[in-house]
Amino acid sequence: MAGFQFFLEVLVTGLLSGVMYALVALGFVLIYKASGVFNFAQGAMVFFAALSFVGFMELGAPFWLALPITVGLMALLGVGIERFVLRPLVNQHEITLLMATIGLTFVIEGLAQLVWGVEVRRLDLGIKDQPLPWLADNTGLFISQIDIFAAVVAGVLVATLALVFSRTKIGRALRAVADDHAAALSIGIPLKRIWALVWAIAGVVALVAGMLWGARSGVQFALVFVALKALPVLIIGGFTSVPGVIVAGLIVGAAEKLAEVYIGPMVGGGIESWFPYVLAILFLLVRPEGLFGEKIIRRV
Amino acid sequence: MFDDGISRSLRGLVAAVAVAAATLVPALAQAQGKEQYFGIPSYRVGPFAAGGTGFFGGIIDYLQYVNMKEGGVNGVQMVWAECETEYNAARGVECYQRLLKKGDLQMHIFEPLATPIAYGVLNRVDDDKVVLTQYGYGRSDAADGRVFPWVFSTMTSYWSQASAILNWISTKEGGVDKMKGKKIAHLHLDSAFGREPLPVLRRLAKDWGFELIEIPVAAPGIEQQAQWLRIRQERADWVISWGFGAGMNSTAINSAARINFPREKMVGVWWAGSEEDVLPAGDAAKGYFAAANVPSGKQFPLVQDIEKVVYGAGKGNLSDPKRIGNIYWNRGVTAGIFWVEAVRNGQRIANKRGQMLNGDEMRLGFEALNLTPARLKELGIEGMLPSFKLSCADHEGAGVVKIIQWDGAKWNSVTPDWVSSDRKMIREMVEESAAKYAAEQKITPRKC
Amino acid sequence: MFYREAGQFRTSYGQDGQIFPLRQDRWAMLALLAAAVLVVPMVASDYWLRALLIPWLIFSLVALGQNILTGYAGQLSLGSAGFMAVGAFACYNFMLRVDGMPFLVALVLSGLCAAAVGMAFGLPSLRIRGLYLAVATLAAQFFIVWALDKFGWFKNNDPSGVITAQPIVILGMGFNTPQEKYLLVLGIVVVLALLAKNMARGATGRAWMAVRDMDVAAEVMGLPLMRTKLQAFAISSFYCGVGGALFAFAYLGTVEPSAFTIDMSFRILFMIIIGGVGTILGSFLGAGFILLLPIFLSVLFHAVAGKTVDASITSAVELIVFGALIIVFLIVEPHGLARLWQLTKERLRLWPFPH
Amino acid sequence: MTVQLHAHARAFPIGGPIVEVHDISLNFGGVKALTKISFDVREHEVRAIIGPNGAGKSSMLNVINGVYRPQAGSIVLRGERLAAMTPRRAAHMGIARTFQNIALFKGMTVLDNIMAGSNLRMHANFLEVAFRLPRALREARECREAAEEIIEFLEIEHIRKTPVGRLPYGLQKRVELGRALAATPQVLLLDEPMAGMNIEEKQDMCRFILDVNDHYGTTVILIEHDMGVVMDISDRVVVLDYGKKIGDGTPEEVRSNQDVIDAYLGVAH
């Protein structure tokens, strides 16, 4: 096949994978923005969400029922985490908070496997994980339907969140909190409720990510590792920027695929594990605050 | 297991563990009568738990079966203790040490079903007189019993498997001579496990004149877009999928579907050939081949009997009985068979009929493993295991695989008989590699 | 009553600067050491030595390294396991390729290799801080393991891609039995811990903490930020490297690169957070806690529910309890075990006459 | 408030210029912080920089010891012209400072903070420290002795071993002064050393500043809001307003300078 067309294909596939990464990274950003917590448990939440959804369907709940139940469950989980893990730790050092969320990871993983067992399950969203026929026929590009679906969903999700943040009252409150906790409190914004809300939203985002990833590669423990894919996206995008992670996700996805295909063979391949991180470092050396992250001005 | 003196001298540091030890004592007390003790280092949580629960469940079910069916081996009860390793080297070593003694009982066989753990204890088994079995994983050169008296790569090593898979592919292509100019992609987890078969593949590529494309996948392998684009670009004729973990394997199949690569041209290693590995891929997995050291299914009399006797009495180990007869569980049962056979042989050789064996006797018993067709029939596992025998020099034995194919619901054997590897070539490579190891470790191989 | 500083006066700054200003502490420490050297090897079972004490000492050493970097110099790093891997494989290759190489020399050299690599990956710390740096250091974790895994030379082209540590011989004396290995590790750890303590309470440590607490002020006082940070990375990595070498030679024996997982890096960070950031003692306490807690839990669960409850359940519950305990601990005592210990001591000083 | 001002003859008579600032201009992305500021500081004098909020006082100090880099102008230190100053360079050339909002090492004790101040005189490398080799031990002892001297001078013996984070604001300011003194500086930059203090604390602080100036002959450049204090303790005063210099001279001259009165004294403070 033509060199350039192949390049194009790698690029597109990469961009689409990037969307999947961004989807996971989104959960991190929401929570970090609102409560300054780097929630490492996001990966475990993705796993838990997808597993629960499939679990409910196995118990006989139809799709339209399993979805709201799981949404509710995730919201509940989010609220619970805020109430019982983070509120007692408020004003602690960021490392302590990070560590707490890693401890949380163990809890959620254990919980998921305790409740739903360790069997690998498949999740069928009714979308084939196969190339779009007409695209393949006309352009020779093989782009999986589910990837495109995922891209659309991610787009919709981000758009909705953006709308919620900019238009609604809650959104404004949220942004106020993100800017300055103390100030937000002083103008009478119920900080705790906002945090709980954000955690709930993050839980739902985790569900969406989990369903899409689950539909791609099965609902199973390996889903917790998607968090590792999200981290470089986060540093490049900046912990606090929603558009940042989307763009960064695309960058990471494309770069890592191109690198694997074109650089990989030279060094024996398998460089996807670390390439995004090195990319992120190089990026940071140029822009320490990330793509869209606020510039940190340190006064004396 | 826990030493009182130490718990005193270190109370401040780990009093907690000492407490646990104390609570453990009653559990040990019940070890009386004639019992052969086994340690079971299982992993029931984490990314590989699906395999762990199946495999170790199978072992336990078989030991249970032997006890219930015939009251143990000549009256010697099979007893065991379990320990969670999380497929982690450090945890595994701790389990090994913890399981080593149970009251006054000694562990004589250790089967972690995890390469990192097997390596973690490799240097300890000689002193502790523990038979380390690597059922379808670990060092291929452990097949040389002269250098590795206590380590067994029974019954087929990675190298043999790779050779067997290629033998089968060549027959599909219509003979070795037809392999010239073919392109075979080795899609493998980018780890020691994934690279282990490379020496065999490279050598055969040279001898047969096919082109080997080595394509590593970074762990955990749930992203393989780039790799499959390369496979498509290279126009590979066959893909050997050398992955581990349901995540990587199902992703491989899905990714193949994404580029319309025929699943009938994919052969998975046996860690890519269980129900758990293909189920997540759904219909995409139809027609996918895999090598198997043990086929799946309930058609074997023994399996049916275990279901009747053990699960009938509600003593089964699988939380979900539907998993009876699937790949990992069947493999576990056969591992249990190796153990029990070893005990029988040991009792016979040491003529300690109806008595406990020590480490050396267990090792001799395992080395005397001899599954004749007649014996397989007796056990009710014809076609479940190949007929093979071990010896002082040969710790591998069979070196054969069955090729199975997924029809969307279950695995079917497409090769009624076992596909053999190039035993002579593999043996050469084994002895060469083992000799190198012996030299590096200053081991003088024993005479056989 | 017995833990009292009354009547103990420090007449010189030298005395005031001692590690253990209180006589009681000095005795206690000596007694503990004596017990560790004389009593433990006699009474400890193989299980205790090979499965608990040796790994505990090794991870204490690594935690010490992490504490120097994160606790004292304030640089959050998640690459420790990677630096351990460097040490392990460096040591193996020195022993393999230089015949007649004394083990202790190889150990130091492997530490230095790790230090070099550590400095290289420490460079971003000059521009990046906090969590960003933490994530960036993951690059070390992944890249190092990948490289060691990928290139056969590091493993002397072993077909299984593993290294098998050579037997330890020092001055013609072999260290093979668990007791011998334990004593060797103990010796190395004690010495390195002492050196770390000296640095921490000396000018070196003050420089680290200055950079940690207020780097602008430190720079205005003429402290070279870059040099201080890189120095912390180097020394920390040195400790990790030596720890990694011991991990391979005195503990596991046969190791593959992928044994040094990111999970290990996290647990090492846990050790210092739980144990106490910026304290030497905390490194030991934390290592004990994180290493032994899961084992204790699993032993306990098997004892209590082993026969009745399905092992799959107990395993999952173990995981949950482990995570939950960590969270509870962070909530109850964010400053770590060392702080807890310090508080009890302060109470003891007043006992039995609380103010 | 009144403080006995240089009643006795000064141990260190005021000498020639030690710091000269020539046409310094500094702006942050368009915003002009300083424009063409020039003044000099003579050896052993106490020089004050005053001005309303946002007049650019702190920026001026930050330029002098290289925290900020001016777009134009130069600094002459003891006759040596420096286009670009860096904080470390400044430190090595004998400039020490305190900060407007305290920049102590929160995690360390008072003693450690002050000892850290003298790091420039510590030459033993980390290995010498680790193995407690003679040089390291000697330096440690000297450093400790110097620190104790400062602690005594500042009358903070009782809080020697207290983590600075736990100290009240006033004491923290004092410790920060101590940390700056530990560097035995020739020039001492003080950024609002008395901000947020009560009368007694201010009097103490004044006393310390003057004593430092008297006993060690340290040249002092200080920023202060409290006009009374400034007029009392400083030999000469620079007045800034909106980044421009509008007055320079003895307290009396400045007091009578019309621009200053309009711009500064005029507005209620």
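Remarks
In this document, chain identifiers A, B, C and D correspond to the written order of the chains, with residue numbering beginning at 1 in each.
Following the convention adopted for this analysis, a contact is a pair of C-beta atoms (placed from the backbone, for glycine too) under 8 Å apart; a residue touches a chain by one contact, two chains touch by 3 or more.
This structure is a prediction, so every number in the text was calculated from the model and none was measured.
Minimum number of contact steps separating chain B from chain D: 2.
Ranking A-B and B-C by contacting C-beta pairs places B-C first. Distances from each chain's CA mean to the overall CA mean are smallest for chain C.
Centres computed as Cα averages put chain B at a distance of 35 Å from chain C.
Per-chain CA centroids place chain C at a distance of 42 Å from chain D. The centroid of the Cα atoms in chain A and the matching centroid in chain D are 50 Å apart. Within chain C, contacts with two or more other chains are made by residues 146, 150, 216, 312, 316, 318-319.
Among the residues of chain D, those touching two or more other chains are numbered 67, 99, 103. Across the assembly, chain A contributes 109-110, 113, 117-118, 268, 270-271, 273, 300 as residues in contact with two or more other chains. Within the complex, the chain C residues that touch chain B are 35, 39-40, 42-48, 50-52, 55, 96, 146, 149-150, 156, 158-162, 164-167, 251-259, 261, 263, 288, 292-296, 298-300, 302-304, 306-307, 310-312, 314-316, 318-319. Across the interface of their complex, chain C is touched by residues 65, 67, 87-88, 90-92, 96-97, 99, 103-108, 112, 115-117, 119-120, 122, 124, 126, 129-132, 136-137, 139-141, 143-145, 148, 179, 183 of chain D. Per the touch definition, chain C reaches chain D in the complex via residues 13-14, 17, 195-196, 198-199, 202-204, 206-207, 209-210, 212-214, 216-224, 231, 235, 278.
Put simply, chain B touches chain C in their complex at residues 1-3, 5-6, 8-10, 13-14, 16-17, 19-21, 23-24, 26-27, 42-45, 49, 53, 81-84, 86, 88-91, 93-94, 96-98, 100-101, 115-116, 119-120, 122-124, 138-141, 190-192, 195-196, 199, 218-219, 317, 319, 433, 437, 440-442.
Of all the residues in chain C, the ones that touch chain A in their complex are 70, 76, 124, 127-132, 134-136, 138-139, 142-143, 146, 150-151, 216, 262, 266, 269-270, 273, 277, 312-313, 316-320, 322-324, 326-327, 330-331, 334.
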